[in-house]
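Per-chain residue numbering starts at 1, and chain names A, B and C are given in the order in which the chains are listed.
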Amino acid sequence: APPAIAQGNTVWRMQTHWPTGNWYYDEVFVRFCNRITEATGGELTVEPHAPESIVPTGEVLNAVRRGLLESAFIYPAYWIGRVPAAGHLNGHIGAWDRHEEMDIFYYEMGGIEPIREAYAEQGVHQVGPISYSGLTLWANRPLRTAADLQGWPVRSTGAAGLVLARMGASPVSIPGGELYQALQTGVVDGAHWGSTATAWGMNFQEVCDFIIEPDLLGHLNGEVMVGTQAWNAVGEDIRAVVTEITRATSAEAAAHFLYRDIQFKQRFVEEFGGELVRLDDDALAQLRTASMAVVDEFSAQDPQYSGRLGEMLHDFMRQLGRS
Amino acid sequence: MIVLRAIDAFNTAIGKAVSFLIWAGIVVLVWEVVARYVFGAPTLWAHGYTQRIFGAYFVLVGAYTLIRGDHVRVDLLLVNRGPRGRAMLDFINFGFLVLWGAVLSWEAFWFFEDAWRFNERDDSALRHPMWPIKLAMFAGVALITLQGVAEAIRSMILIVNPRADVGRPEMNKGVV
Amino acid sequence: MTPEVLTIGMFGVLLSAILLGVSLTFALGGTAVIFGLAVFGPNGMFTIVSTMFGAMWSILLSAIPLFVFIGVALARSRIANDLYQAFYLWSGRTPGGLLLGTSGFAATLSAMTGSCAASTVTTGLVGMPAMDQRGYDRRFVLGTIGASGTLGILIPPSITLILIGMQTGQSVGRLFMGGLVAGLFLLATFLIYIAVRARLSPHLAPPADVRAPLRERIHALRSVVLPLVVILSVLVSIFAGIATPTEAAAVGAAAVILSVALRGEMSWAYIKAVSHDTASMTGMVIWIVFGASAFVAVYGGGGGTRFMQGLLLGMEVEPWMVIVLMQLITLVLGMFLDPIGIILLVLPIFFPIVTALGYDPIWFCILFQLNLCIGYISPPFGYNLFYLKSLSPDTPITEIYRAILPFLALMLATGAAIFLFPGIITSFTDVPVRR
């Protein structure tokens, strides 16, 4: 391809799903965009765009594929209906406990390869994960053993919902706008909504008595993606800058979110009279087994990409002595 | 004129048939409440199928609403207007619809094609195909656009000859 | 295209189209296409189809056809009429009795649904024929229905209050409490106004000629039982944690059908009529949502939102004036946008300013929410005005404006009272929210 960089200023509009007005919108997302713009001396300008400002969140992958939007800073779980491998990018229950473990799977063991191939098939370049902290489980009953999960009505969706169903819980789908009230009146007895910090914005602390520890998934990922066309239109040096800043931002974000989670959990106990309850080791082991069974289901449906990733994940679990 | 009447009849039949989807929506939601509250066994599909049923219902009733003259308008200029003036205003009205509808139809088709090609499924635990609801969307916007074209042609005829019989029986029950 | 030109152009074309009698939904959608093409070219049209799909796919909108169904099914059976007959007999020689009942009915519906469309349309469908029959003044009736319907988003459950809580980090529990207080306050002013006006001009809302004998009145009460069962089925489902508000709407719809069957009024003709009317009424409401979603997407994507936010941040006036200005802006936006769009557009800008100035955040949020309600009925373009128009197609829009004016004044006065005496709200919301 001809070196498009000679033309000078390229602009990527980058849409996120993070709501404006949240601390992380500015401190993580906008800062990420600005860092790229500054590091390239404006040769590549990345414009931060609020959720739904160009296309609805669910249609971002489609828009990036068609080149109607250049890039996105977003959440892989939205695409598991199109790219099942995105579930592995997002993270599976019981798999990674912290940022470094995800980094091992993604970069050391090479999990990034099949994921990038799966995205490439959609006309999208997967730049890399952006670390969040864990997936916090909120509840109105103190869950300590696997038996406590039996028949537990919990608002859940996606792979987490399938795992909880295997544990005997009753996952219920409820739209975000009705979730606060559903927890308040007892339509469901629990829910998860990202990390403690993100659920805080949904005001779960007002309507839940317990946070169940440890997090269902110790570490989960967002992602950065760029349309293949837009990606190929910039020079190698620019691509390297984007890739490196993505990786650096991911490490920073992991610490940011973890620290906030610690603070919010403290506030939950001190200001809201909430209680932190721990699941026992047996329950955790069963969750892990159920999660890997769901992973195997995905592998069977999508052998080309999820199948390879599933094998890698089994290998990872063996190496860490978790299976 | 026969073609215009055929379009009316076709869209009316579709609209009347689709109007019964509301009953399916009620049954699904009530079933979910019973399954969860009485049997303690919520379904994985009720939420996703509520979205599908009502999504299809919303878009497919558009043309029928148009035929019944229920897409509400301000009548500041419509009242006390002669038949020709009235036809001109109608033409502008349907022009806006056709403009919007044509774009929607074109885009909705590729929207459907994309879901079909990549075998897109929803992102919930249900993971059922998305192309049927996107096909319903294409059908809904195409049908209302077709009806809009038919009405625009009628308005044009009426601009030329305000006394022409354009076979628009129901549109004039009250100000549209 | 600069944001100034975009703003003037889009709103200008929209207003002109509406004045020329273009259906609200086509005016919104067509304007979006014209400016979408001008700003983004053909590529931008994806936005228009994808935001429409976003609206279709939103399960929260399902509550609208379900409540419309409840309204149509009650109105098409004898239940609605019998209910109003009972109201009529029991309100005796009091003029305006049916309107008082109607306003109360709308408030009750508001406790079941989070949408003004649902409470307004349903109240209108059920109440209008019965009040027509008994010689009530159409204008008085429309004003009451339009204004009482705005309680839909004020009285909890309310999606807008939940969204405000998410945007501002305020307690949803306190916001619900504040919304309830403001809603009941507003309802009280409506009831007083209706009662006084009906007493002064009884011909607008004539009472029964003679006081019905007690036996007849007791007999009429039997017809209240089934509607009461419908209402209770929805309320109990929500507040006992049996169902979400959307599911509860379906439970209510099933309860209506069961009631109609129990009264022996079920027939194939009835089923067809209810289904067809519900579809058409739903089409009217939902296609406006489709048009608005396209309009907002193009305006926002073209930089209009950021432009407007910049304007707001540039204001330099006295603190109390800031609050007043914010309310005015909300009111004006209420003429064009739906409440959710307004919340996303201005609240992230307003809220930090308000807290920096030291005002009570819950008080401000409730005032803001009240203004969203007022936007629904403020002429020339409020959604409820359009719903009224479709409920009463023969009434010219100017008549509807006139019908709504006294109620608009009441709502503005209520807003002013809350502005001047924050204690009306804060004395109820300054309490710890967690059990």
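Some observations on this one:
In the analysis below, a contact is a pair of C-beta atoms (placed from the backbone, for glycine too) under 8 Å apart; a residue touches a chain by one contact, two chains touch by 3 or more.
Since the model is a prediction, treat every value here as computed from it, not as a measurement.
Among the chains, the centre nearest to the mean of all shown protein C-alpha atoms is found for C.
Of all chain pairs, the one joined by the greatest number of contacting C-beta pairs is B-C. Taking each chain's centre as the mean of its C-alpha atoms, subunit A lies 37 Å from subunit C.
Each chain gets a centre from the mean of its Cα atoms; for subunit B and subunit C, those two points are 23 Å apart. Along subunit C, residues 46, 50, 53, 57-59, 242-243, 246 each make contact with two or more other chains. For subunit B, residues touching at least two other chains, in rising order: 47, 111. Of all residues in subunit A, those touching 2 or more other chains are 58, 62, 174, 187, listed in ascending order.
Residues 19-21, 52-56, 58-59, 62-63, 66-68, 174-175, 177-178, 180-182, 184-187, 201-203, 206-207, 272-273 of subunit A touch subunit C in their complex. Residue ranges on subunit B touching subunit A, taken from their complex, read 36, 40-42, 44, 46-48, 111, 114, 118-125, 127, 130.
Contact residues on subunit B toward subunit C in their complex (touch as defined above): 15-16, 18-20, 22-23, 25-26, 28-30, 32-33, 37, 47, 50-51, 54-55, 57-59, 61-62, 64-66, 68-79, 89-90, 92-97, 99-101, 103-104, 106-108, 111, 133-134, 137, 173-176. Listed in rising order, the residues of subunit A touching subunit B in the complex are 58, 62, 65, 77-82, 122, 151, 153, 156-159, 161-162, 165, 170-174, 187.
Note for the complex: subunit C touches subunit B at residues 17-27, 29-34, 45-46, 48-50, 52-53, 55-59, 61-62, 65-66, 69, 237, 242-243, 246-247, 249-251, 253-254, 257, 272, 275-276, 278-284, 286-288, 290-291, 294, 380, 386-387, 389-390, 393-394, 396-398.
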